[in-house]
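Note that chain A is present in both complexes that follow, paired respectively with chain B and with chain C.
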Partner chain A sequence: MLGLTKKDFGLLLIVAVLVIAAPILLNPFPVDSSMAQFNAGYPDLMQRFVIFGIFAIGFNILFGLTGYLSFGHAAFLGCGSYAGMWMLKLLSINVIPAIIFSVIIAGILSLAIGWISLRRSGIYFSILTLAFAQMAFSLAASVLTPITGGETGLQTSLSDPRILPEFLGGGSSDGGNIPKPSLFGIEMGASWDVAVGPWLWTFNWGYYIAGIVMLISFYIAIRLFRSPFGLMLKAVKSNQHRMSYTGLNTKPYMLACFVISGMFAGLAGGLMAAMDPQVGAERMQWTASGEVVLMTILGGAGTLIGPVLGAGLIKYFENIFSKINKATLEGWFAFMPDGMSDFFVTIVYPFVGKGWHLTLGLMFMAVIIFLPGGLVELGQRFGRLFKRKSATPAGETTPAE
Partner chain B sequence: MGILEVKGVNKRFGGLQALGDVNLSVQENSVHAIIGPNGAGKSTLLNCLVGKLIPDTGSVMFDGQSVLGRTPYEINQMGISRVFQTPEIFADLTVFENVMIPCFAKRDGAFSLQAYNPVRKNRDIHDMAEAILVDVNMQDKRHMTASSLSRGDKRRLEMAMCLVQQPRLLLLDEPTAGMARADTNNTIDLLKEINEKRDITMAIIEHDMHVVFSLAERITVLAQGTPLVEETPENIKGHPKVREAYLGEAQV
Partner chain C sequence: MDQIILQILNGLDKGSAYALIALGLTLIFGTLGVVNFAHGALFMLGAFCAVVLSRLLSWSHTVVDETRTDFLGNPLKVEVPYVYDIFGEATGAAIIDWAVPLAILFSIPIMVLIGVIMERGLIKHFYKRAHADQILVTFGLAIVLQEVIKYYFGASQIPTPAPEAFVGSFDFGAAVGLDANKIIYPYWRIVYFCFAMVVIAAVFAFLQFTTFGMVVRAGMADRETVQLLGIDIDKRFTLMFGIAAAVAGLAGVMYTPILAPNYHMGMDFLVISFVVVVVGGMGSLPGAVLAGFVLGILESFASMREVIEFLPGINQVVIYLAAILILLTRPRGLMGRKGVMED
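Showing the complex of A and B:
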């Protein structure tokens, strides 16, 4: 199906179902229950899940296949966001030109950065990409203020020209208000709520549009992984020496891979601008580059679905786990005697809420040490365990790659 | 005129004259061995042929074209393949993928951006890879990860990866180093077969005289970076200069 093997098509199907059903799956707790704060099914967060999923899918094409660890991918993300914002300001509030332009600009930037950085490999390559990303960040925050808005960043405003005709999303204002990003009239922020019993599900246009883009990205990634080009990239990771003595020029392979990866990052950046039309230089900071590295490794570098899972997990932690405060904890441990509950709250508190990074760090360490293949390996191990226990091979194993 | 013509090649590393005025002519479809004591410059010479090193002076012509200044991948695309002293394979990939990669390199050249159609749709590549695995008797190991192969099989795989490209000249750097006698004999048979069936010219660097004398049609003896003699195996055996190079100054 779609030129994929059965297994890959199954994987794509699973991801598609997850994306479609996410507003329901991520809201497992009734609105009024005490667990409602763990519901992740609100549009803003779900959009971030899929957008960072795209970012991680792209990063994985570079890191997972070739083993080249880029520490500068946030530069492409940020650059894509700026490019998208300018399209929203100059051309049209329609998100399509914004997304296309963000991919193109990120591609050009990654061509330039890759062309220089790829002269080195290993740690030197990582440092070069990091240096370029920090340069991009500093430029965006200071020298390039006319383009990037400096520290205040870029927003859509009433004074933007938006030169395209009205039906294509042009026009400076929308009845006196700043127009909101849309797709031929469908606003990204528009959603409809469905209440089923005590549950409330929010279906958001922006999320589904970003979700479709992610599914397309995922499909492209599968095709790329299975193509001769993907095979060559794996060969780069395995033995560059043999590659050049086999008549293959590694440089254009690497550069093409770097640019493709950068374009995915730009796409993610453009979608971010399209979902929430404002962007600041902090999007380019090195912490953002580090985050996508974490996502990919946590989920399983070199696997297809791993980066998406990793992106989801980290964004969940960042947004949900971090909301657990002292009062919540006290509520949980209230059944204990006074002294004991205080004790437990004191012990647990540093790991939750603002200390969520600590838990994430521990989890990351555990994954690196015990599960070098990330969450996907965890799934595979469970799958094997399940298979061994049941005589029938009916058990569905978490598909690798 | 040989398929490979090395003329007046010099290579210096600081104060060390690694190669001094080396002349070598390898005839088409022959097996040419290069022997010599340790440090004689055999590997340096080989590296000059594949583009890893550039000689200070002299010329290296392959099939009438100079290889000097070309990168290893360009030289490979001209038709020179190299087997290394320790097998260089794609250790993380399967045996089948290992042999498919040189097939793609042969068919599509040094770079081609085929990022959409899957590998499995390339029937011609599959057939080529399949055939070579049968030839080296490894078809039952096709799904194994290359790193899990035995040393002898790794060598075989590397040989298959070179052969599948149908090179005009195959350079072998101590192909039997560290092998047991039985494996060595197998390798000799394999190489003989390759030379006869596929008309591939070979240049072999080897320490093992058994291998050299069973395979080579011409032998060049290298000592201290300079060729001493170039002869047939029969004439090499008792050659005084060769004895001298290997055993030191003639004893009284």
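Showing the complex of A and C:
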């Protein structure tokens, strides 16, 4: 269906169901329970889940397929955000031109950077992308201040021109309020609450719009992975020299892949600006590029679903896991005898709450060392444990190298 | 003329730090063939060695001073560092004052140990894997080290001053016969530059004039043949990793008075030091040192007012620009050997 094999279509369907049901699934705790603070189903965070999912899917198209490790992808994300913001300011508060334009601009930037960086491979490619991204970050924070707002960043304001007519969703500033980004009148921040028993679920327009964009991106990624183009890229990954010997110029394929990957990052950036209309230069810093690397590897580079899982996991850690404090821990270990609970709290405390980065770093290292296929490989290994032995060798799926 | 000398001097201290870190990185790459993204973290650990030592030295106990009273009329409680009890007050105070230089001695064994543990515990398992995997696992390690430091020392900067004797500046212009008060240069930066030169010279002398160094150089050139001669090259390479870690650590120790250490200083230096290594040529020790100084001086020239007026923002990007230009026109870097990481 949709040009996918049965298995891929099933995967797409599962992701679609997860995206649609996320506001319910992520709020497993009743509102007034003590665990309510660990509910992840609030709009802001859910939006981030899917947007970083798109970012990671895009990064995976480059790294997973070709093995080229870019340490500069945040530049495309930031550039997309700036482009989107300018469209929101100049054209219309409607998010559609913003998103389209952010993809185009990020595509152009990635074409320029990719054209130069792809002349080298391996560590040199990583360093080149890193250098370009750092340049973009430094310039955005200093000289390009008229365009980027420098250190304070870029926001929508009352005095923005917004030249498109209002029926296109232009959004007026008559009321004296800065109009919020919207899709033909539907505000991104608008949401409605549904209370079922003690549970409260928030369904948010912005989240669903971003979610649909993510599903489309995911679909494109599947098609790309299964296409002759994707196979060509995998061939480049396994042996670029041999590809050249067969008389094939790999450069156009690599460049196309890099640009597509950059456009995904730009799309994520544009969506980010659309959901929360403010951009700062820190979005382009190399640590942000490092984050998407972490997401993709943690989830499983080269697999389809891995990057999305990784993005979700890291954002969950950043926003929810980091809330665990000493008091919460003491509550959890209260069933133990006094001395023992103190001992466990002391042991566990450095790894949770503000120390979430430490846990993340350790997990990341563990994945690199033991599970090159990331969480997806972990899942597959568990799956194999429970399957009957005879079924394993034939049905085994390897995460694309 | 004054301006040019001043900018060169300004570039030297940053250049020394770049050169030292890049030297360590290149040692690791040249011997073990591993791209170590945790090298910035080693620099940071060195800086925190200085912090730890200065805290250890000022570790004190409370003594009741009967001769003085506080505002309530009770005998005054004074914090007396243990060093005062051991060495007497004058010597004790001097020792605390000289904590940063003393930390050089303190940090070498610690850093070598950390390096050896790192190599044996983690890096060893990554020789046969792709460079991307090496980058990623050491990047993960850098995050972990940084977070451990953050947990114990907090997120804020920890000022660690230089000894009293080196506070203040030195009129360089007057000393070399130019106009006075034109070229003012802090003492500590001169110390840092000299220190860096000594360390660099020591590393080169070690590699050039000792048997150990000779074997290591032979191993860098042709590992298999050296092994066939019955030499346990792995053991020596492990020690070289420790030495490289110590070089990075020393760069960090002495840098603390210039930049108060914080947990992410390693990451800040990491990016630039990689650029330096690549510009110098992967695997070339003199290249790393040369590129370190060249880029440091280039950066300080680019931040001159006249240059910025002409090319706004150039001071922020000049290093990366130089790296991109060199990588594209001279794939081996300034002094890279033929055949080393040349794809």
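Keep in mind that, in the parts below, the second predicted complex is superposed on the first by the 379 of 401 C-alpha atoms of A that agree within 3 Å, B and C clash if a C-alpha of one lies under 4 Å from a C-alpha of the other, contacts with A are read in each partner's own complex, and residues count from 1 in each chain.
By our rule, a contact is a pair of C-beta atoms (placed from the backbone, for glycine too) under 8 Å apart; a residue touches a chain by one contact, two chains touch by 3 or more.
Keep in mind that what you see is a predicted model, and the values were worked out from it rather than measured.
Residue contacts after overlaying the shared chain place A:Ile368 against chain C, while chain B stays out of touching range. Looking at the shared chain after the overlay, A:Lys234 reaches chain B, while chain C stays out of its contact range. Of the two partners chain B and chain C, more residues of chain A are touched by C.
In the superposed model, A:Tyr245 makes contact with chain B only, not with chain C. Using the contact criterion defined above for the overlaid structures, shared-chain residue A:Met214 touches neither chain B nor chain C, since it reaches no partner.
In the superposition on chain A, the residues of chain A contacted by chain B and by chain C do not overlap at all.
Those residues of chain C lying in contact with chain A across their complex are 35, 122, 125, 130-133, 135-137, 139-141, 143-144, 146-148, 150-151, 267, 271, 274-275, 278, 282, 312-313, 316-317, 320-321, 323-324, 327-328, 331, 341, 343. Residue ranges of chain A in contact with chain C, taken from their complex: 67, 69, 116, 119-124, 126-128, 130-132, 134-135, 138-139, 141-144, 286-287, 290, 293, 297, 350, 355, 357-358, 360-362, 364-365, 368-369, 372. Every residue of chain B that touches chain A in the complex is listed here, in rising order: 50, 71-73, 76-77, 81-82, 84, 88-93, 97, 100-102, 104-106, 108-120, 122, 125, 161, 165.
Residue ranges of chain A in contact with chain B, taken from their complex: 3-5, 223-224, 226-232, 234-235, 237-239, 241-249, 252-253, 256, 260.
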